[in-house]
Structures are given as structure tokens and as C-alpha cells.
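Please find the structures below.
Next, two complexes with subunit A in common: one pairs it with subunit B, the other with subunit C.
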Partner chain A sequence: MRWEVFKQDAPSKPHQAVGSVHGADAEHALLNARHVFGRRPAAISMWVVRADRIYGRTAEELAAEAPRAPVASGNEGTYHVFRKASHRRSMTFVDHLTDVRAAGPSEALAVALAGAGAEPGLAWWVVDANDVHATDPDAAASWFEPAKDKTYKQQSQYGTVAAKRNEGAAG
Partner chain B sequence: MNEQVTGALISRLTAMADDELLLGHRDSEWTGHGPLLEEDIALANLAQDEIGHAVLWYGVRSQLDGSDPDSLAFGRAPQGFLSCGFVELPRGDWAFTLLRQFLFDTYEAEALARLAGSAHAPLAEAADKARREELFHLRHTGLWVKRLGLGTDESRRRSLAALEELWPLYAGLVAPLPGDQLLMDANVLRDWASLSGAVIDRARTALAAAELDPGHDPDPAPAERDVVREHRRELLATMQEVARQDPEAVAW
Partner chain C sequence: MTDGPAATPAAEADLLARFEARIAAGEKIEPGDWMPDEYRRQLIRMISQHAHSEVVGMLPEGAWITRAPSLRRKLVLIAKVQDEAGHGQYLYHAAETLGASRDDLVDALLTGKAKYSSVFNYPTLTWADVGMIGWLVDGAAIKNQLMLAQCSYGPYSRAMVRICSEETFHHKQGKEMVITYAQGTPAQRRMAQDALDRWWWPSVQMLGPHDSDSPNTPLLVRWGIKTKTNDEVRQEFIDEHVPELQEAGLRIPDPDMRFDAKTGHWVHGPIDWDEFWRVVKGDGPCNTERLAARNRAHADGAWVREALEAYAARHEIATARAAVEA
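Moving on, here comes the complex of A and B:
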């Protein structure tokens, strides 16, 4: 089963969609998400959501659908609304924008769009809050803190490679 | 520290580092062969972490005797290693690899908690650093042991076969070294006498949740770390091959 992964880098930052993992269930998916997306980069929290539970619309799809009254097609409850605001970021997709109470994802999106005002979006995702499986805040120390001591290394940082290159140039 | 205590600490650090290095290497043999991409990455992460812990222990040793960690890892003959048989066995199947890693993580969690209170400050600091990510290791490997134990007939059969092979050697991993008593007297090792029992109890509890019964406790056998077994020889021959061909790495 495929799960979408949302990573939060700092308390002031939103959860952002960073990619997907396979997992037999939520716990497995969270562990794999940490291994794949949280070993080096900064993180303080991760969410996973079953990919088939995500309601997604692009700006083009919304334009083609309109005008149509939002359909109360799901559970009355809290929905997380995510938006992709620009093409500038290549490593993330949508960002967590707001939470709304609604009776289904399409209604939640309509509420969010009305509230977002003039701010355009290229794509939108809506997730029932009950479908979110989050990392345990108490576990953050063992899940995310060690990343601070690990660094990315470019090939050029290894002295051996430089020595080889110099030798090749000399030869 | 007097010379005897320093010597005992060097042996203790070397044994711990060698265990981490060889287990990390065995885990790394899965790289590119994992059952799915995410687990391939996950096991490579665990392997790197264990090798990272080996670097920590070799580093603490280096402060005592000026030894070079790279030379210890890649330039030492098999008879100079102090690894135990538990970490030397071939990687086996997925159940064997994950069960071994889980049992090792269980041991490490108990050992690191004790080492973090060591009177030798560099050892305590290194243990504290390694301890955090070890809790995450346990979550991951514990998850797999439970799923494989409670999974299909095949996963259960493979888990039980792995346990049968690993359990008798587990005592060798946790057994005290000849010099440990000196280190306990000097508070370099604290609460160390309780380590073996605590590890076995903790492992039993987790195994029971996966409905895996190892039977009686492993016989408290000496670790036989000074014995050169064939698996150690074979592992080092592979791991050290490139370094032996080109020790200074000045030509491809």
C-alpha cells in the first residue's frame, strides 16, 4: 500500500508533502518515511496518509468542474487542506495551509478556497484529519535529533578522490 | 587510570567496536538486495549507524593508545579482532538479518544506558550519542520481528529457524570480558553485572509478543572472541580487500 509523506522542518513551518513510501500499515509507513525522508534533513514531525484517502484537485480540474455546489460527500469533521502555491520548490509538493470543519473533502476545499481569497493555488489536497498518522512527539529525540550530527558529503570532500584526480592529472 | 585498567578498557572498546563493525558490514550486504526499496534504504541506514558506533568506540580507544581507527578496521588481521560469533554469521535470509539486528539492538540499548554513566567521560559521551538512535532501531527491528513471528507460516518458520541459530550465540555477545571486573571496580563500567540478565529478559519479553519462544536461556558461555572462525575470516577478506590492494589509496 502506498502512503503520502508530510514532513515538518520546524515549529514555524507547515507540514509539506515530500513524497511517498510503501508500508503494510501506518506504523510501517512512518518508519519507512523516517528512513527515506528524515535521515539527514531537518524534521520535527512526520505524517503519513494512505494515498487513496487523499482528495486532490489541480487548478485546471477546479476550473473545469466549476460552477458546481460543493457536495457533502463525507464525514462531518476536520479536514487538513494543502496547497501548492508555486513551481519554485522542486523537492516538495503541497504545503499544509489550513484546517476546516466540513462535511466532506470537496466541501472542505470550497471553504478553504473561499477563505484563501486572492491567493492562487496550482494544486490542492484535502485530508480527513482522522486519516493522518503522526510521529509521536516524545519520540522525536530518537527519530529526528540524530540527523543533526549527520552531514551530506560531496564527493570532493573525500581527500582520496582529490588525490586520485591530482594523480590522474600528473600522469 | 593505571595501566591494567587502561588495557582492560582498550579490550572492551575493541570488542564493542569490532561487533558493531562486523554486524554493520553484514547488514550492508543487503544494499541493493532489500525486499523493497524503502527497506533497502532502511537497512543501509541501520548499517551505517552501527558502523558509526564502531567509529565512536575506536575513537575513544584512539584517545587512550593513539591507534588509527581506519588501520584497525582495514589493516588488522583476523586474529587481532575481538568480535563474537553472533555478529560474524552470514546475513542469512530477511528473518535472520532482522532478528539478529533486533537482538543486537536490545543488547545495545541496555549496554548504552549503562555506559552513559561511565566514570570515563569520553565513553559516557559516546554512549549518550549512540543511545538516541538506538531507540529508533529497536522500533524498526521490533516491528519486523513481531510481523514475521505473527505473519505467515513461512515467515514464522524462518523466524524460528533464525532464533534457533542465534539464541545459543546471544550469550557470547553479552558475556563479560576477562578485564571487565577491573573496569567495574573503577566505575568505568557501572551496573555491568546486571547487563546479561537484563538483556535476556528484555529480549524474551519482546519475543513472547511475537510468539517466538527461544526455550531455555542460552548457556552462559565465554564469548570466545580470541578464536578466529571461518565466517570472520571470510567477512574480513571481503571487507578489507580493496584496502589491502591499495592501502594508501593513491591509485585506482
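Moving on, here comes the complex of A and C:
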């Protein structure tokens, strides 16, 4: 089963879609998500959501759809709405933008689009809050902090040819 | 992700024109957007080959983890090999956004139907090879991946941006290692030169056939999948690496290599494409060994996958029963 992974780098940052992993269940998917997307520092929380539970629309799809009243096609509840805002070079896709009370994902998207106003975005994902499986906040330190000490994985820890030569000359 | 109802030829031409205009304007194509079938097909081909290369690429270096000369080198190598596994995962994800199935992709690798980078079919004979792979093979890969980070397909581009930031660590640790040996004892210097002698040409070849023998390139460039040709990327690789290797005191194993002051580029001698195609078609030094290692790993992991599925199924039944009883 495929799960989309959302990673949050800092309390002030939104959860961002970073890619997907396979997992037999949510627990397995979260473990894989940590191995695949948590090898470098800067993670405080991860969410996984079954890929087939995500309601996604690109700007092109929205433009092609006939305007119609949003369909109350799902559960009444809270929906997380994610948006991709620009074509800038990036390693993440959509960012968590807002939470909406609605009777289904398409209604949640309509509410979010109305709120977005002049910033309609390039792609949208809507996720039923009940479908989100998150890392345990109490376990976050043991899950993510060890990566901080592994400085040998950072490119900044390695000199260039010239720096190395100077170091050799000095020593 | 669906192609929608069958479009009339006129509508199809209109969609194609709009698609190409979006790419020309520098926009990214995302899953769900309209795309020509050929764009999807070419991307799945390229991305899956790239994913397989990352996965098979763990093998030549993984062989040296237990024999690393110090704890630091061992930690670095483990982290690098783990990164390659992660890169394979990012790329399989990108292929899946185009409708490819992970099982089919893995199956194509295991049965030998799929291609992966020819460079990983060469053996790692000494510890210096680990450094030389980092400097040359990862150096060549970064040139290619920096180009692909500009790719018009969003998920592939994003995977490349993530990979490049990690790959730079691979390149630098290899460079550091080779420079250390190139300045070391006579035996260490010989080992570094020997590694360069064996890895130079496979690294030059891994950037692909000459443009004149690369029939897909014009279409790939037109659709922004590639933004440079094989020969352009190869030239960038050579221009960066030749002076640095020489500065480290090593000799490039190409008697024709010379700097052309007029163009500002290094000019290489003829590339042995017969060797390249022989290795691509399965007759390299380690093709059989690499495929056997992947198949063994997949078969050895079968019980883990089965146990995970069984646990998940049992857990789901227990959760459902608890919900009914509640």
C-alpha cells in the first residue's frame, strides 16, 4: 500500500508533502517514512496518509471542471487542505495551508479556494483529518534528533581541493 | 491521473499546444495535468532506470562496509549507501505518480528486463575505489541530476533537488578520500592512480551515448525532460574534474586529453562505445553478480514482507472488532 508522507521541519513551518513510501499499515509506513525522509536533520513531525484517500486537483483540472456546487460527498468533519503555491525550484510539493470544516473533500476545497482569493495556487490536496497518522510527539526526540549529531553526512563537513592543499601545507 | 475521454485529433492538437506552451513558460507539469502519452512513457523509462541505478549502486560500495579502514570511514560509507537506498525510493515514488506500479518496476529489475547505469557493473577491487566512485561516479551523476532538477515534470524535479543536496556529500567525501591518498605514501598514491585508471572511462561513458547516437534527446529537450544533451553534461563533468584530478597529482588515463584555450574546454580522446554497449547489454564484468545479489536480497526479505502483511491484516480485524463491540 502506498502512503504519502508529510514532513514538518520546525514548529513555525507547515507539514509539507515530501514523497511517498510503501507500508503494510500506518505504523510501518511511518517507520519507512523516517528512514527515507528523516536521514538529515530538520524534522519534528511526520504524517502519513494512504495515497488513495487523498483528494487532489491541479489548477488545470480545476479550470477544466464545469463550475458546480460543491458536492457533500464525504464525512462531515475536519479536512486538512494543502496547496502548492509556485513553480519555484523545491524538494517539496504541497504545503499544509488550512483546516476546514466541511461535508466532504470537494466542499472543503471549495471553501479553501474561496479563502485563497487572489492566490489560487497550482495544485491542491485535501485530506480527511481522520486519515492522518502522525508520529507520537513524545517520541519525536528519539526519532529525529539523532540525525543532528551525524555531521559527517553534511557536505559542509568536507573541504575542497584547495582547502585540503592548504591544510596539508600548514600541517 | 486519467487521460479522460478519447479526444478528437483537433482537441488533442490543442491540448499538446497548450502543454508545450506551459513547458516553454517554465511551468511544472504535475500529476493530474494533461500530458502526451509519449511524455509519460519516456519519463517512466528514465525515472525507473534511474531508480534501479540507485538501488544497484549500493552493491559495489556496500561490499566495502565491513572492510573500511576506520570507524569514521565506515560511518560515512554506511550513510552514503543508505542515501542511495533512499534515492531509489524517491525515484520509484516519482515513477508511481505517472501510474507505474512499484511491483512491476521491481520485477523488471529482478528479471533483467530493465536497464540500470552501466557503471555499476564494474568491480570495486580496492578501498581507493570507494573514494574514486564518490569523486567520479557521483560527480558525473550530480552533473546529470542538476540538469534533471530543472525537469518539467514536478515529481521528478523535486526528487532530483532532494537527491542533489545529499549527493554533494557523496562527491565531497570521495574527493577528500582520494586527495588524502594522492598525497600519501607511494603505495597509497599508486592505489589512487590505479582506481582512477579503472574508473575514468566508465564515468565518462555513464553520461550516455554521443548526441548523434541519442535519438530520444531532441524530444526530451523539447519537452523539458532534459535541459541539456549528453555531450553537454559530459563536457561539464570533464571541465570540472580534469583540472582537480591533475591538481591532486593524478594522471588522466586519456593520452589525447588536452585543454583548448580557444574554447576554454578540455578535449577528450575517443570513447570506447563498443565496451559501453557490451556492458549495457549484459556482458560487463559484474552484470550477473549484481542481478544475483538483488534477487537474493529480494528473496531473503520475502518473509519480512509476508509477516508485515499478516500483522497488518490481523491488526485491522482486531480494530474492526473492537469498533463493533464498543
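We take it that the second predicted complex is superposed on the first by the 148 of 171 C-alpha atoms of A that agree within 3 Å, B and C clash if a C-alpha of one lies under 4 Å from a C-alpha of the other, contacts with A are read in each partner's own complex, and residues count from 1 in each chain.
By definition in this document, a residue touches a chain if its C-beta (ideal position, glycine included) is under 8 Å from a C-beta of that chain, and two chains touch if they have at least 3 such contacts.
Given the structure is predicted, the values throughout are model-derived calculations rather than measurements.
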| request: Considering only the touch criterion stated at the top, classify A:L122 as touching first (subunit B), second (subunit C), both, or neither. | output: second
| message | Contact-wise, after the overlay, does A:Q154 reach subunit B, subunit C, both or neither (first, second, both, neither)? | response | second
| request: State whether A:W143 touches subunit B only (first), subunit C only (second), both chains, or neither. | output: first
| query | Looking at the overlay, does A:A24 come into contact with subunit B only (first), subunit C only (second), both, or neither? | reply | both
| query | Counting residues of subunit A in contact, which comes out ahead: subunit B or subunit C? | reply | C
| said: Per the contact definition in the header, classify A:R34: touching subunit B only (first), subunit C only (second), both, or neither. | reply: first
| query | After superposition on the shared chain, which partner residues are touched by A:R101: those of subunit B (first), subunit C (second), both, or neither? | reply | neither
| task | Could you tell me if A:S90 is touching subunit B, subunit C, both of them or neither one (first, second, both, neither)? | result | second
| field | Residues of subunit A contacting subunit B in one complex and subunit C in the other | value | 21-24, 28, 35-36, 39, 160, 164
| Can you list the subunit C residues touching subunit A in their complex? | 26-28, 30-34, 72, 75-76, 79, 82-83, 86, 89-90, 93-94, 96, 102, 149-150, 154-155, 157-159, 161-162, 165-166, 168-169, 171-173, 175-176, 179-180, 183, 244, 247-248, 305, 308-309, 311-312, 315-316
| said: So in the complex, the part of subunit A that touches subunit C is made up of which residues? | reply: 2, 18-25, 28, 35-37, 39-40, 56-58, 60-61, 84, 87, 89-93, 122-123, 150, 152-155, 157-161, 164-165, 168
| remark: Within the complex, subunit A is touched by subunit B residues 36-39, 41-42, 45, 129, 132-136, 139-140, 143, 147, 249-252
| message | Using the touch definition from the top, list the residues of subunit A that touch subunit B in their complex. | response | 21-24, 27-28, 31-32, 34-36, 39, 139, 141-143, 145-146, 149, 160, 163-164, 167
